[in-house]
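Notes to accompany the following structure.
Chain IDs A, B, C and D follow the sequence of writing; residue 1 opens each chain.
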Amino acid sequence: MKRVAIQAEDFDVGGELAALEALGGGGVASFTGVVRGGNGLVALELEQYPAMTQAQVGRIVDEAMGRWPLLGVSVIHRFGRLEPGARIVFVGTASRHRTAALESCAFLIDWMKSDAPFWKKEHFAGGATQWVAARDEDAVKAQGWDS
Amino acid sequence: MKRVAIQAEDFDVGGELAALEALGGGGVASFTGVVRGGNGLVALELEQYPAMTQAQVGRIVDEAMGRWPLLGVSVIHRFGRLEPGARIVFVGTASRHRTAALESCAFLIDWMKSDAPFWKKEHFAGGATQWVAARDEDAVKAQGWDS
Amino acid sequence: MAMLSIVYFAWVREAIGRDEEQVERLDPGRTVADLVAMLAARGGGYAEALGDTARLRAAVDQRFVPMDSLIGEAKEVALFPPVTGG
Amino acid sequence: MAMLSIVYFAWVREAIGRDEEQVERLDPGRTVADLVAMLAARGGGYAEALGDTARLRAAVDQRFVPMDSLIGEAKEVALFPPVTGG
């Protein structure tokens, strides 16, 4: 099973995980990213490169499925305006081996956080906005998986 | 938030994760273990040491919360007769740091799989039964976290 | 007279045919291994379950301990195979 | 005449004031950096957005590429800040 969804709508984490559990592997790992509040943030606006996103995410999922013995992978990424507490990104992996499920989940979320073609703009109370700068530590972490 | 449940009943993974998402950390990791079928397995029977389980699991959760900056941990383990496809164990962790959420989730599930006071008996079609032997690899993996 | 509870799990419980029993409290210098040897000497299911300590694990008052641990003033000793987790 | 699409994202798009435009296809020996320099020379928002290539990333036909990559026969070049993921 391979599922990649780039969407504006929220998603049902329990339902996504149930589909992975049903594959019979015995182990399902997940990571869900949620918009953090604080500093007067009222919303995060996610812009994407639609022609690229689906293909890029699909490619990295294929890479994970080649590296680890996975029965299924589900990746969801939202775009548009998201308020604090809203889910942004979900990665779920199913395997007969819990280490494979956990490591591939970490690999995929690292990639999603550093290399997926999304840009985030913060909207603050009072109307100020700011594009989020890329964090070097994310790029370093994703590169750590290359060797 | 710290939640430890040792129970016969199934649980709602989506609901458990929603509670962790609501803590505001931004990242929630999980692992769910499911009974694998195959080789004519009709059920897995999980026996526990009730006076010990809750305290032991609580202690390892405290240890994880000391090692990683976690906002919440939820651990659920079922006992009794479970058929293939049934959930056995769930670990969910919430943190501001996705590495902390993922690593602590892996740490806790390794411990649950190797050191939690449960014993598994396999029931096969035709009535044969067999106690599952402890796997050395699990013990080695859990020890890997000691240093 | 002070008593010590012994609890059994998994195939140890099945071989012995009970999940719990009381014995007189041992001399404080005795170890878990001493208790196991004393029980195994009863023969039958006890010998079958407890004859080979390499296959056994123990807990004293709900804490995992090595077989050579002193029982001391403990109230409960548990004897069981290595745990197999979730 | 063959045309090349250029697409912009995030603050690059905002500074330029548009998300897409068409230009005449360049000589196949030109690189992404050559295209960026040509656009920055227009001044105004273009200069602001594209004046410092160290702050930019690019994709050619939906593949991330270094700035010194040849554009060749590509149909679409995208210019944007480093991605910030999910």
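Methods note: contacts are C-beta pairs under 8 Å (C-beta built on N, C-alpha and C of every residue); 3 or more make two chains touch, one makes a residue touch a chain.
All figures in this text were calculated on a predicted structure; none of them were measured in a lab.
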{"item": "Steps in the shortest chain-to-chain touch route ending at chain C and beginning at chain A", "value": "2"}
{"item": "Between chain C and chain D, centroid-to-centroid distance (C-alpha), Å", "value": "74"}
{"item": "Between chain D and chain A, distance of the C-alpha-averaged centres to the nearest whole Å", "value": "26"}
{"item": "Distance from chain B to chain A - Cα centre to Cα centre, in angstrom", "value": "24"}
{"item": "Shared interface positions of chain D, touching two or more other chains", "value": "none"}
{"item": "Junction residues of chain B - those touching two or more other chains", "value": "33, 113"}
{"item": "Each pair of chains that touches, named by its two labels", "value": "A-B, A-D, B-C"}
{"item": "Chain C partner contacts - residues on chain B that touch it in the complex", "value": "33, 46-47, 49, 51-52, 55-56, 77, 88-89, 112-121, 131-135, 138"}
{"item": "For the chain C and chain B complex, residues of the former touching the latter", "value": "7, 9-11, 13, 59, 62, 64, 76, 78, 80-86"}
{"item": "Chain A partner contacts - residues on chain B that touch it in the complex", "value": "12-15, 17-18, 21-22, 24-37, 84-85, 87, 96, 98-99, 101-102, 105-106, 109, 113, 141"}
